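Across the two complexes that follow, chain A remains constant while its partner is chain B and subsequently chain C.
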Partner chain A sequence: MKRLSPTRLGIAVFAVGLLLYPLVFTNPFYLDIGVTFLLAAISASAWNIVGGYAGQISVGHSMFFGLGAYAPLLFYQLLGWPPMAGIPIGIAASVVLAIIIGMPTFRLTGHYFSMATIAVAELIRIFTGTWDFVGAAIGLQGPATARGWWDLTFRGETPYYYIFLGVLAALLFITHTIERRRFGYYLRAIKARERAARSLGVPVLQIKMQALMLSAIFTSLAGSLYAIKTGFIDPESGFGILVSVQMVIIAALGGAGTLFGPVFGALILIPLQSATNTWFGGGGSGLTYILYGGIIVLIARFEPGGLFELWHRVIAKYRSRRDAA
Partner chain B sequence: MLLEARDVSKSFGSFRAVAGANLFIEEGEIVGLIGPNGAGKSTFFNCLAGDMPVTTGQIIFDGHDITRASPEAHARIGIGRTFQLPATFEDMTVLENVMVGAFLRYPHRDDAREHARKIIELTGLAAHASNWARSLGTPGRKRLEIARVLASKPRLMLLDESLAGLTPAELRDAISLVKRIHEMGITLVIVEHIMEVIMTLTRRVLVFNQGHVIASGKPEDVVRDPAVIAAYLGHGHVPRRG
Partner chain C sequence: MDRSWMKSAAAVAACLLLFGARPAGAADAVKIGIIWPLTGNAAAAGQASKAAAEVAADIVNNAHPELGDLPLAKTAGLPNLGGAKLELVFADHQGNPSLAQQLATRLITQDKVNVLMGAYQSSCSFTATAVAERYGVPFMVGESAALNITGRGFKWVFRGTPIASDYARTYMRFFADMKQQGKKIDSIAIVNENTDYGTSVADAIAEEAKKANIPVAIRIPYSASSTDVSAQVLQLKEKRPDVVIFISYTADSILYMKTLKNLDYKPPMIIGDDTGFSDPSFIPAVADIAQGVMNRSAWAIGKPGSVTYKINEMYKAKTGRDLDDTSARNMQSFFALADAINRAGSTDPEKIRVALTETDLKPEQLMMGYQGVKFDHTGQNILASTYLIQLHGKAYDLVWPEKAATAQLQWPMAGWAK
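Then we have the complex of A and B:
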C-alpha cells in the first residue's frame, strides 16, 4: 500500500478535525472561533489567487468583501428579498469593479495595482459612510428572525460552520484544479518574471484579469456569508482597511501562493486574535494593529515564504536525515 | 525571407540608441550581432523580440507585419528569445519552467509535460528536471532559458549573450547545443561578445557601433574590416574560425 507523505497525512487529519470540530467544541465561544477561522480562511484563500499565485498584491480586497456584504442586506431592506438572493448581485458588482481596476493598472509595471486597490477601497468606505441609501455610518441589518430556511438565519453557529466549511472546500478544490492546469503555471510564471513570461507567449493581461475576477468572486462570497451570519454590516466591517490587511497577513503568514498556506495562517491568527481580545477586552482595541505589524516584521525577517514553506523545509530535512541514516 | 527589419530606429528622448538598422534573414541562417557595450545591439534585439516598440521602421516576419506586435504575439508567431541576465522562474522546477514554454503549443498539462521532458533531455538538463530553477548555477540557468524557448517551438530564436560567462568546457557544450538547435531547422540570431562563438557558429555578422550598423558580411571578412577593428575588436585581435 502506498504510504501517505507527512504533509498529506497532516492535511487528512486536519480535514477530519474540521469536520468533527462542532461536535467536540459545543461551547458557543469556541464555535464562534471556528466560524471566524473558516471565514478568514475563505477570504485569505480568495486573496491568494491573485495576491499569492499571481503576485499582484491587492491591499484593498475589502472592496469586494464589502460589496458582497452589503448586497444581501441591501436587497433585504429594500425589497424584503432573502439575503441569499443578494449574493449573485454582490458577486456581479465585484467582478465589474475588478475589471474597472484591473484593466488600466495591470497594463502598467510597478505598484499601480496595489495603490489603486487601496485608494478605491478607501473611497468606497468613505462614500458608503455618508450615503443614506446604504445606511450611511449606521450600516444595514438583516432579518432578526428567520422567515424560513432561505433567510439563512440560524440560532446556533453550527449550520454556519458547515456552510462555510463547504465553501472553503469548494474554493480549495478550485484552487487545486487551477494549480494543476496551464492557468496555474502561467500565474506562477507571471509572479516570478512577467517579462520572461510574456516572451514565452503568456497572455499576461488576460491571465491577471481572470485571476482578479475569480479572486473577487470568492472574496465577495465571503463578504456575503459574513453579513448573513452576523445580520449586520457597516462601512468599517465591510470596507475597512483592516479587512484587507487581515487577508494579506493570513496568506503571508501561512504561505502566499500555496494551497493550504492561507488556511494554516488563519488557523494561527484567528485563535491568537480571539485570545488577545479576551485577555485585554475593550482596553486592547488597538492591539490588532500591533499584532499585525509584528507579524509582518517577523515574516519579512525570518520566513518570507510563510510557515507552510518552513514546514516543507522541516520535512525535507527530516527526510534527508532519514535517508542518510 | 523569414525576417525583414527595415530602417529600424529606436530613440530614448533625444538619445538615438539604434539609427536606421536593416536586417534580412533567410530561414535556416545563423546571424551574429556584435559590437561594443552600448552600441545598440541589445536595443535592436529587444525591438526584434517585441520587447521595445520601434520609433521608426518596420519589422516583417514571414510576411506578417509585427512592428507593433506584443512579445506574446511574437512568441505565438514563432519568435523566441533568451535574456542577457537569465530570467528563469526561480520558484518553479526546471521541468515546470520548460512546461511554461511548452504550454504555448500544448495546452494540456500531460502533453506539455511530455514535450518538456523531451526538450530537457535534448538540452542536457534531465538530471535537474525536478530541482528548483534557483538551485542551478549560471550555465544551468542559461541552458534552461534556451530549453524553455525551445519548448515553445520557435522558428526564429534570439539568443542574447546566452553563452557568456561559461568555462571553456561549458562553452564547447553550449556551442554544440546551438548547433543541434540549428540542425532542427531553427533560424538563429545571436548577440555575443565571445568572438569564438561568432566565428564558429555564424555565417553572417552585423557590427553595431553608436547605434549604427558599421559593417556586415561574413565573419572572416568583418573581423578584418578596419572600422570594426577600430570600434570594437582592437588591433590585437587574431581572426580565427572554429
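Then we have the complex of A and C:
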C-alpha cells in the first residue's frame, strides 16, 4: 500500500531537482547560490543532530565549523599540503573539542548550555585573532590557482556543487538511520524530559556526548568545505557568532528535530538572503536586513514549528480528502 | 497531489527567476561593479566611499572644466570611447568574505560589469580579487591594507592606495628632510598596539629605518585595551628618542597623551599613524596637551579655489561632511581606473588590463598627496605616499611636504606648554 506516499514523492522530486539544478542553471551566480544553499543545509543538518533531536541548543557551533575551516588552509600554508588533507585533522580536533566542551557544559541545561557554548566559541574567536601562527586577524588563504585536481580549487562551481550534494546526502542518510534506532529514541526522550529519560535508564550524559561528537564531525566537515571553496578563512567568518546563529535560524525555520527541516529552512533562507541583497544591497539602506528579518519574524509568528510542519499539514489535508472520497 | 508538488516547483522556479531580470543600461555605458560594506560594522566607511565614487563618476561623466588637470574632468564621459558614460553598480558584501566572493561572481556574470572595484576589508578583497582573477576581469583595490593582496602572482589586480611600507618610507623622507634643516634625529622609538595592524606597520617602519640608517632606540608593543601605560612611557623616558611613532587605536592614543603629561615626559616630536590620532574623539580629548602632534593623511582639502577644495565642496553638497582620507583614497583609485579605461579605448578586459599596467599619472593630475600613480608588476601603486599633518589648536594642518603645506611646521612640539 505504501507504494509512493506524497512525502516520498516530494523527496524524490526534490532530490532529482537538486541533481539536475546545475544542468538547468548553468550561470555561475545561480550555481554559487546553489552551493551556498547546500553548505547551509549541511551545517544546519549537522547542528540539528544535537540541537534539534537532542534539544541541546548550542549557539557555539561555529567552534567546530571554524576548526574544520582552519585545518585545511593551515596545513596548506605551513606544509603545502592539498587543503583536502586537513579535513580529517579538523574533524579529529573537533571531536576532541566536543569532548572537552561537552564534559562540563552538558551538566548545564537550557539557557545555561547555550550561553556556555557561545562563551567558548567567542573565546576561540578572540584567541585565533591574536595568534600569528594561524594568521591572526588577517586569516589564511588557500591556493589561488589549483596545482592539480587534488587541491579542489575549481574555476567553475559545478564540482563543488556535486561534492557538497554528496556530503549532504550522506549526512541525511546517517541522520535518517539514527532516527529509527535506539539512539534516536534516546535523543528524543532526552529532549522531551531529561530527568524522566534518566530515570527510565537512558545514559543521558553519554548519549548527549555522542550526539555532540557526531554533530561536531559534520559541522567541521562543513567548515572545511567552506574554506576550500572560498579559499580564505579569518576569525570572523570561521568562529564568528553569526556562523552559529545562521545554523540555528535555518534549522528552526525549517523545523528543528526533523530530517528535512534544516534542508527546507536553507532552501527558503539562502535564496531569500541572496535575493534581498541583490535587489536592495546596492542601495546601502539596510533594507536587506529589514526584509530578511521581517520574513523570519513572520514565520516565527505563524509557523513556530518550522515550515516543514506546513508541508505535513498540507499532506494530512490531502489524505483526509482522499479518504473522504 | 500533482498540484501540490507543481506548486512547490513553481515556487522554487519563481525564487530563482527573481534574481534575473535587471533593466539593461545604455548600450555604450561602461559598467563598474563596486563591492563595499554598505551595512554592518564598516558601513560608515563603505557609505562614505560610495558617495565619493558617485562624485567621481559625476566628474567623469559631466564636463567639469574647473577641475584643472584631473584626468577626464574637462570632457563629458570617456572621449576615447565616444563619450561613453560610467555606470556604477554597487553591491553590499556586509563585511562577509564569502558574500564578497558571491557578489564578485554576480557582478561579472549577471550584471556583466567591465571592471570591478572594492572591497575595503582586506578579507573581502582577498576573496573578491580571486574571483576577478579567475574570470579575467580587472579589479581595482581602492583601499585595503593587507600586504599580500598584491604580490600573489595575480595579473588582474591593481591597488591604488598606499600600504604600510609607503607610509614608512614617507616618514623616512620626512626625517631626511628635517635633518637637512638641522633638526636632530639620532634615534626614534616605535610604540605599537600588538595586533595585526600595529605589528605590521611597526615592522615596516623598523625595516625602512634600518635602510635609512636611523637607529630604532626601542620598540614597545602593547595591548590596545591596556588601562595603564605608565610602564611603557617610563621606558620611553629612559631612552629619550628624538621622535616617537605611535601606531595606536583611539582609547590608547588618548591614554598615552595623558600619561606623557602626567609623567612629564615630552619627546621632541610625536607622530601618530592615522587611526587613533584621526579619530573624531582624539582632538576634543587631548588637544590641550598634544599641541604639535603629527599625523598622516594623503588627503588635504587645500586652499579655497584649488581642485581638491572644489572636489570637497561637491562631496559636501552631497553628504554634508568633508571628504575623509579613506574615501578620498578610494576616489583616487577610481579616477586611475577610469583613466585606464579611457586609454584602453575599449571595454575589452585585456585592453583595460594593459592600460592599467601602463598607467603613469603625475602628481598634478591627482587629488591626493601621492607622487603619482604607477603600478609595478604585482599591481601595487609604487608612487603612493602621504602628507604629514600637525595638530595646531583644535585642527590638523598640512605641514609636509613643504610645497603643499598650508601651515608652518612646529618643531619641537609644544605639547602642553602654553
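Just so we're on the same page, the second predicted complex is superposed on the first by the 299 of 325 C-alpha atoms of A that agree within 3 Å, B and C clash if a C-alpha of one lies under 4 Å from a C-alpha of the other, contacts with A are read in each partner's own complex, and residues count from 1 in each chain.
The working rule: a contact is a pair of C-beta atoms (placed from the backbone, for glycine too) under 8 Å apart; a residue touches a chain by one contact, two chains touch by 3 or more.
Keep in mind it's a predicted model, so treat the numbers as computed, not measured.
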Touching partner for A:Ser114 - first (chain B), second (chain C), both, neither = neither
Looking at the overlay, does A:Pro203 come into contact with chain B only (first), chain C only (second), both, or neither?
-> first
So, does A:Thr158 touch the first partner chain B, the second partner chain C, both, or neither?
-> neither
Chain touching more of chain A, residue-wise (chain B, chain C) = C
So, A:Thr36: does it touch chain B (first), chain C (second), both, or neither?
-> second
Have a look at where A:Arg193 lands relative to chain B and chain C in the superposition and call it first, second, both or neither.
-> first
First, second, both or neither for A:Ala275, with chain B first and chain C second | second
Please identify the positions on chain A that touch both chain B and chain C, taking each partner from its own complex.
-> none
Touching chain C in the complex, chain A uses residues 6, 9-10, 13, 17, 25, 27-30, 32-33, 36, 129-130, 136-139, 141, 144, 155, 226, 230-232, 234, 236-237, 267, 271-272, 274-275, 277-278, 281-284, 286, 288-289, 314, 318
For the chain C and chain A complex, residues of the former touching the latter | 1, 4-5, 8-9, 12, 15-16, 18-19, 38-39, 43, 46-47, 50, 89-92, 94-99, 101-103, 105-106, 108-110, 122-123, 126-127, 130, 133-134, 146, 148, 152-154, 194-197
Can you list the chain B residues touching chain A in their complex?
-> 49, 51, 70-72, 74-76, 80-81, 83, 87-92, 96, 99-101, 103-104, 107-109, 112, 148-149, 152
Parts of chain A lying in touch with chain B, wherever the complex brings them together = 180-182, 185-186, 188-189, 191-193, 195-204, 257
